[in-house]
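Right, I'll just put the structure down here and ask away after.
Letters are used for the chains, namely A, B, C and D, taken in the order the chains are written, and counting of residues starts over at 1 for each.
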């Protein structure tokens, strides 16, 4: 199992049946492939609809029906189309149960950086800033380090997406939650030690007294 | 009440330096005919207001590729490498706006509001130059209205009074952009007689629309 | 996703002192069944948020007549003499809000905004206690969001996910009020299966709705 | 011809074909009975529609179709229903060409008072404050005096509805317009002298060099 799959499988465990969720591209979207039996989530798309899924047949192809990544999709029974303001009203208004996004950096204060690397071309902000501020629960799904560089820091060093909004970090080595403003190590992957996590982490964190092994 | 005109007449109203809202999300909802006509007209120094710069060969991105855009107010340029190139080479200015803030600023511009308070962007670069206001213990940024000289809208059906409906995800930014420009141009997939649209199901009342542009 | 419950279950969630948004304009769009049940339940000290106090025997006005309202946040009481009587005798507090400001404050409450800037009320009594902010040389009042503990909404059709449509002038304040309460109760003229409503024509997405209340 | 009819007939001359208008109850609404041949206006109703008119037959009766006064009405071909926010977005956004309202007091600065008489029960504000601020042209239609009391003042003495927004005053004796911040007497009713107007008016005003006779 590669890192992406480990992370996606663990993310999938966070969903409850009926959750309204907005998932970033990559690992977050991949997580829906591993939903537990009996758990269905409603996918919200920034461009203006919810309850979408992939095309199931050639007849579904409709150029007016895309998701926020620009892929053709189908809005299923019970889904709704709306305009951009309503789409972000849903986000900002706190109606999204969970959003899962990748990160360049996260810090111990719950700050997130995932939109801009100084000196590189910025692709943009899109709906990310609104999602992180608005969603009830913000889950960061990412690989633990980037080419050896630490990503879970004392303080983000690149421009932030939002401050103090991250609730949970899911990686291939460990799972953290923020509790009362403190980063708490909740789970480690089989074979990964707390010491190893400490070495790979700049952020301060506490270890949960019921530290668990990630079960995928 | 909307007037039906030709593309040529529409283009006659557009001049160098005008700000232009182009509806659509990754070109879905964009009236390509109007964009193509503007590429042909080759006016310059426009300010583009759009969700994104779309693709090099689709949607608002075509104006970027043709170097007609001086400044873009958008939430995303990642799907248009030429926009990125012009940006890093200082050939085009970009104001990045969070997408929810962008559409709400346009809504304020259309509807006579002086701005709104959003929690989005507090404590980030987006806050620079903006007023932070605390309401009941929570911090918000005061975001100001956005308007344009003209807007390009694609509708699904339009009646001859300019009442519009949209289809599926092609609705996106079209609803607000139809309200916030001095001149609103609409290209509809189909123009129908007045009375053919259900009065409960019109998504953009014709009072907002200036011109229906015919093929 | 909405849950279908009985009126009795709905009333079980309402307690003395709760703030209640009652949708409707002069009772058109008001779910009379819920209002009647609340009159019967006879809870007291409610804050009413509504366009108006409607009529003594119709809409939100029935709660006024039954002396269940401690404070009303409304734009108009002229059609309900009992509201006027209670107001001048200090039996009920009234906060008069311009109608456009009222619905926009509710929109801000539902959608996580800290407020908005409106030109309405500048230089009048309505300005008292509010911040005046000048944007590009024009003055606006900063108006704050409004939310309620519960809202009562009448829809025309509801599917079992809580997706709603409204009919004609019965739409009015229902769209915003469905978004801005901790618990949203909806009475629909008709409840249909999921999939029976056109996805393009839903006026209130079910994500905003908590309960569909059956006869 | 009584005062109400004189005023309503003169108001009707202000409309151009296709105007979007919002009319207060009473004289403003009465004005539509006197529209010149070939002039049609689109009536906007605060509660959420435009292009309405009175019932034309029994079959039109629909309890869900009322205007802002609570009367049953018909929304005609080309009309639209919308929710309250859109209704006031139309108003605040400047899409209403003309609004015509009554007044308790108007003053030389264009201030208007028409919602509250201290010591009396206030019926409310309704959509009036938004309309006066938002409409492109604000026309006050009223009788010149109220039981002998002057209504066109130097400064309103009762709570105001809006400041500096009145563009025109139409009465049974005279018509004023505000030009460059100054009240200008434009027309007098046949037989009414400028001196009489001066006596009945507290506000300062200038007399148009092309002063006309009101033609009804």
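Following the convention adopted for this analysis, a residue touches a chain if its C-beta (ideal position, glycine included) is under 8 Å from a C-beta of that chain, and two chains touch if they have at least 3 such contacts.
Note that the structure is predicted; figures quoted are calculated from it, not measured.
S.K.: Stepping chain to touching chain, what's the minimum from chain A to chain D?
M.R.: The least step count works out to 2.
S.K.: For the interfaces A-B and B-D, which has the higher count of C-beta pairs in contact?
M.R.: A-B
S.K.: State, to the nearest whole Å, the distance from the C-alpha centre of chain A to the C-alpha centre of chain B.
M.R.: That gives a centre separation of 29 Å.
S.K.: As a quick test, compute the distance in whole Å between the mean CA positions of chain A and chain C.
M.R.: 35
S.K.: Roughly how far is chain B from chain C, centre to centre by C-alpha average, rounded to an integer in Å?
M.R.: 32
S.K.: Among the residues of chain C, which ones contact at least 2 other chains?
M.R.: 104, 107, 112-113, 118-119, 166-168, 171, 199-200
S.K.: Residues of chain D that contact two or more other chains, please.
M.R.: 49, 75, 81-82, 92, 134
S.K.: Quick one: in the complex, what on chain C touches chain D?
M.R.: Per the stated touch rule, the residues are 25-26, 28-29, 51-52, 74-79, 84, 87-88, 96-101, 103-104, 107, 118-126, 166-176, 203.
S.K.: State the interface residues of chain C toward chain B in the complex, per the touch definition above.
M.R.: It comes out as residues 104, 108, 112-119, 133, 135-136, 138, 140, 142, 144-145, 165-168, 171, 199-201.
S.K.: Note which residues of chain A are touching chain B in the complex, please.
M.R.: Of all residues in chain A, those touching chain B are 45-49, 62-68, 70, 75, 81-85, 87-88, 91-92, 111, 116, 121-130, 133-134, 159-164.
S.K.: Please name which positions on chain B make contact with chain D in the complex.
M.R.: Those residues of chain B that touch chain D are 1, 107, 110-113, 159, 161, 163, 179, 194-195, 199-200, 202, 205-208.
S.K.: Can you tell me which positions in chain D touch chain B when the two form their complex?
M.R.: Chain D reaches chain B through residues 18, 20, 42, 49-50, 75, 77-82, 86, 89-90, 92-95, 134.
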